[in-house]
Amino acid sequence: MSVLIVSIISTAVLYAVSVLYAAIGEIFSQKAGVMNLGLEGIMLMGAVSGYLVAVHQKNLALALIVVILVGAALGLVFAFVTVTLQADQTVAGMAMLTFGTGLSGFIGNSVAGVNANLAFQSFEIPLLCKIPIIGPSLFDQNILVYAMYIIVPVSMIYIYKTRPGMILRALGENPATLDSAGYNVFALRYGYVIFGSAMTAVSGACVSLAYTNFWSDNMTSGKGWIAVALVVFASWNPVIAVFGALLFGAISVIGVDIQMVSSTLPSQFYSALPYVATIIALIFTTGNFRKKRSAAPAALCIPYDREER
Amino acid sequence: MKKKLLSIILAAALAVSCLAGCGNAANDSSKGSADNEKQTGGATAVSDLKIGEIESYVINDGGWCQATHTGLVNAMEECGIPEENLLTLENIAEDQASVQAAAEQLIDEGCDIIIGASTGYSGYLSDMAADYPDVTFAQWGTETDGLVAYELRSYEAMFVAGYVCELMSQDENTKLGFSASMDEFSVRTAINSYALGAKYANPKATVQVACADTWYDPDKETQCAKSLIDAGIKYMGMEATSPAVAQTCEANGAYCVGYHVDMSQYAPDAVLFSFTWNFAPIFKQIFEDKAAGGEMKSLYYEGGECAQLTEFSDLVPEDIQQKGNELKEKIASGEVQVYAGPLSDDKGNELVAEGQVMDDATILLQDFYVSNVDCAWSK
Amino acid sequence: MHKFRVQKRTEVSMTRKILNPIVFVLFALVFCGIFLAVLKFNPLEVYGKMLEEIFSVRGVQKSVVAGLPLMFTGLAVAFGYRMNLNNIGADGQYAMGSILCIWFALYGPDMPAVPKLIIMFVLAAAGGAFISLLAAIPRAFWNVSETILTMMLNYIVLLFLNFLMYGPWKEEGQMVAQTARTDERYWLPDIGNTGINSIVIIAVIMAVAIYFFHKKTSKGYQMEVIRRGPAAAKYAGMNVKANIIFVLGISGAIAGLAGFAQVGGIIHRVQADLPNGAGYTGIVIAYLAGLNPLVVLIVGFLFGALQISAVAVQITGVPSQIATMIQGSIMLFVIAGEFFKRYKITRQNSQPSLPEKATEDPKKEIPVQEGGAE
């Protein structure tokens, strides 16, 4: 039984991390007031660029660097369109999604079906991996997972306990105040959008270089949308995002386990469970039952325009 | 002002299309003469055949489309048909407009045979078939009006796969696994024949199926493989397109049978061997029948060299390899029939009586799961 | 050294409104043309072949067929956007509409064609509305994000469709994951000899109806006020909650009618993954059309044409992903181009025009003086 629990947790963690990079990146971006719905497209671009480097250069570190740069570049474009040109963010996101999907398929043609044979391997952390249950499930993973263990608490501290974090929150709540105080709202937003986009690209690399090791057209299969949903579900809080991602991953795996044991309900029912769970959880965590303030950054999706003050 | 703008735009568009039209005028005249040739004679040389293929995904998808495409290329080589006579259209959605557009393009280019590589095209191609009597529409799977159907007796190979897996797991436990994509006839065929093969080695063998409910989703496939492994299963088959199942097996000390193409490159320490579609002999038959003129069969249903397993890898012990090869020969000679009675489904109903063999039509539809299969899709 | 200033335009002329997106579409095509050139294709030849296909008779027929579901989903999404509600779930609503529609067509009582088709129509709309209402109610009452809700519902409905198509509703004795064809009596006829189905007329009537709804009715006016500021609307006594439910409900109903279009007019059956992303494309279409229902029809047709011509151009060896790339580039360039519609770049030493409160967001752009014509 404990073996089963360890397995469920470790699969859930592996899945969760591949979504969390994008989700946490998007949390930063949305806290700064910019919503990027095109995560799927950026993820695919990250996946394909990382894989291309792995196949041609055989170097994982280089692949990761390229992935981050590609993500940053896409983020730059997105920031330009939404922050400087003040375009509608929902649609800009859809544009990024379509464009990223198409472009990744285009350039990925040369490596589809080619085996890079190069992925982030999992390794145990001595001592910690001996802790019952937690040990083997959390501390026998690959480096991208371990990095996430650090990124999450650092993000929390940054957002809620530091001065730059306070500025970040202000960016998304009331950019006009920041502007009058002399901060460059545009540059800051650019920075966070680029960061978010780079993180999202790493999510993509998780899929082609860690979780599985290959490239195929559209291989992220909707993960970008899950990341978007996760951000709202988590009320823009990285720690809650972690729980949400783990929940989603765990329910998916458990769904298959149950389906194998009992066949009273159709298998599609169990496949649908994670989504149903997300809806229910979403209503209860973000629902405004007592007219309290919504957790959403007040200036989310509203381009900052000096003349509008 | 608006009207002026509109007229400028329309004029520009017309101009561009005229220019493009001029460019294609040369092609049109040569197409005309090619059509005349076809109408006069019944028989054509095989090497003159032009073939079009319509794929739902990309041809280097490492799975189904790749297998179809490779089969066509190999068959063309054997028949002496030059490479440029194969026209490929990828990513064609299974909706009316796309399929029609694809087929019309191929017909415009003078294709004699159009291959619809996915069952979803059958309805639309069938509707078009009547308008193009000179063109043969060959469709994977289903016997439909106006179409020539082709199918592989994949069960012959999967039977051996199940047999070998069961022999390998004899010492440990008698449960085998299967990670399945969708509840569709070809998947059911794979599952059932795998299970029957296992039963042939060990009457008490059972197969546990994990249902992914998606043709393609590496996450889901990984989860299915993991669930099977967690349930204590060490040997599994799959019907999956991505290498996710194979890679998960490798990471967790389990073994699997690849599907669609040789998956050993993705997980050399886990893939025992793979089931591959060898469409070349079937396509060759279709080409030759077409070239000869006259009636074509409505169904090309072949096994033998069409349904092949790759070489057993070193992971399979010598003695088991030998037994597997012996079984292959027995199936080829007809000594062993996969769907031979007594056979019942997992609800206990009898499918085939003792001493009898299931007929092709029932095998094709495969609307059942055999008795030793445990699958959530079974109604 | 001259410095450049960015200045808001005080008014945006009709010419600029039409010309702007077209110019940026052309830029997008040039951009994709560069990719094509890198791959050693002649962009003009490629685009020429695409246009040739679109303007042929059979090309128009196919473009309409491909574009019809997009027109409906585009209308649905645009309707929601008019009140700043993100209906990302048009796929699921379309699927549910088609499910109810085919259910009645195949398993309902034997009836004459007209009443049967009317009920199929109503059921398709009801199916779509049911799904969107599942998202509308939490949004209206508890301010839960309808963006995420509608998206999650997509997955759930599509899995349900999957279950039906591979399971109980699969055509007897057939292998393909689709239902049987409906009885020929229940097929909507084509328009004369054009080969174009009369369902197009329904789409046009619907677009016109929506157009007049926005312009002429008081409900339409209410939506406008709420969009500009929910607080002010409540002050004026408008029931914001009821309006949200109304808008999302209608939006879902329209998307569900895409299912009726398929079952009644085009393929006369339902297959697994029938929507095939039409809901997401609908978002793109709604935006590019400036939320104007009449323009949605045109843009929907053009996207259908793009799909068809991309198939056509594959013959010359262009990769199949070109259609998605063109779509994405067009979107990116057009929304970037919105900026140039609203602002002009002038030299530092030119006379600044009097600052006037011009409109800011394209979604909110309904200049009162032009009667809201877009």
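A, B and C are the chain letters, set down in written order, and residue numbers restart from 1 in every chain.
In this section, contacts are C-beta pairs under 8 Å (C-beta built on N, C-alpha and C of every residue); 3 or more make two chains touch, one makes a residue touch a chain.
Everything numeric here is computed off the predicted structure, so don't read it as measured data.
Taking A-B and A-C together, the chain pair joined by more C-beta contacts is A-C.
Look at the CA centroids: the one farthest from the centroid of subunit C belongs to B. One simple way to say how far apart two chains are is to compare their mean CA positions; for subunit A and subunit B this gives 35 Å. With centres defined as mean CA coordinates, subunit C is found 28 Å away from subunit A. Counting partner chains per residue, subunit B shows two or more touched chains at residues 58, 91, 183, 213, 377.
The residues of subunit A that reach two or more other chains are 105, 109, 217, 266, 268, 271, listed in rising order.
Shown for subunit C are the residues that touch two or more other chains, namely 159, 162, 167, 320-321.
Residue ranges of subunit B in contact with subunit C, taken from their complex: 1-2, 5, 9, 13, 16-17, 19-21, 23-24, 58, 87, 89-98, 100-102, 104-106, 109, 119-120, 122-123, 141-142, 182-185, 213, 364-365, 377, 379. Subunit C makes touch with subunit A in their complex at residues 8, 35, 86, 138, 142-145, 147-149, 151-153, 155-156, 159-160, 162-163, 167, 280, 283-284, 287, 319-329, 331-332, 335-336, 338-339, 355, 360-363.
The part of subunit A that touches subunit C in the complex is made up of residues 41, 77, 80-81, 84-88, 90-92, 94-103, 105-106, 109, 217, 222, 225, 228-229, 232-233, 266, 268-269, 271-272, 275-276, 278-279, 282-283, 286-289, 294, 303, 305, 307-308. If you check the complex, the residues on subunit A that touch subunit B are 3-4, 7-8, 11, 15, 105, 109, 112-113, 115, 117, 122, 207, 211-214, 216-217, 219, 221, 223, 252-253, 256-257, 259-260, 263, 266-268, 270-271.
In the complex of the two chains, the subunit B residues touching subunit A come out as 57-58, 60-62, 66, 91, 183, 208-211, 213-214, 216-220, 222-224, 226-231, 241-244, 247, 251, 265-266, 374-378.
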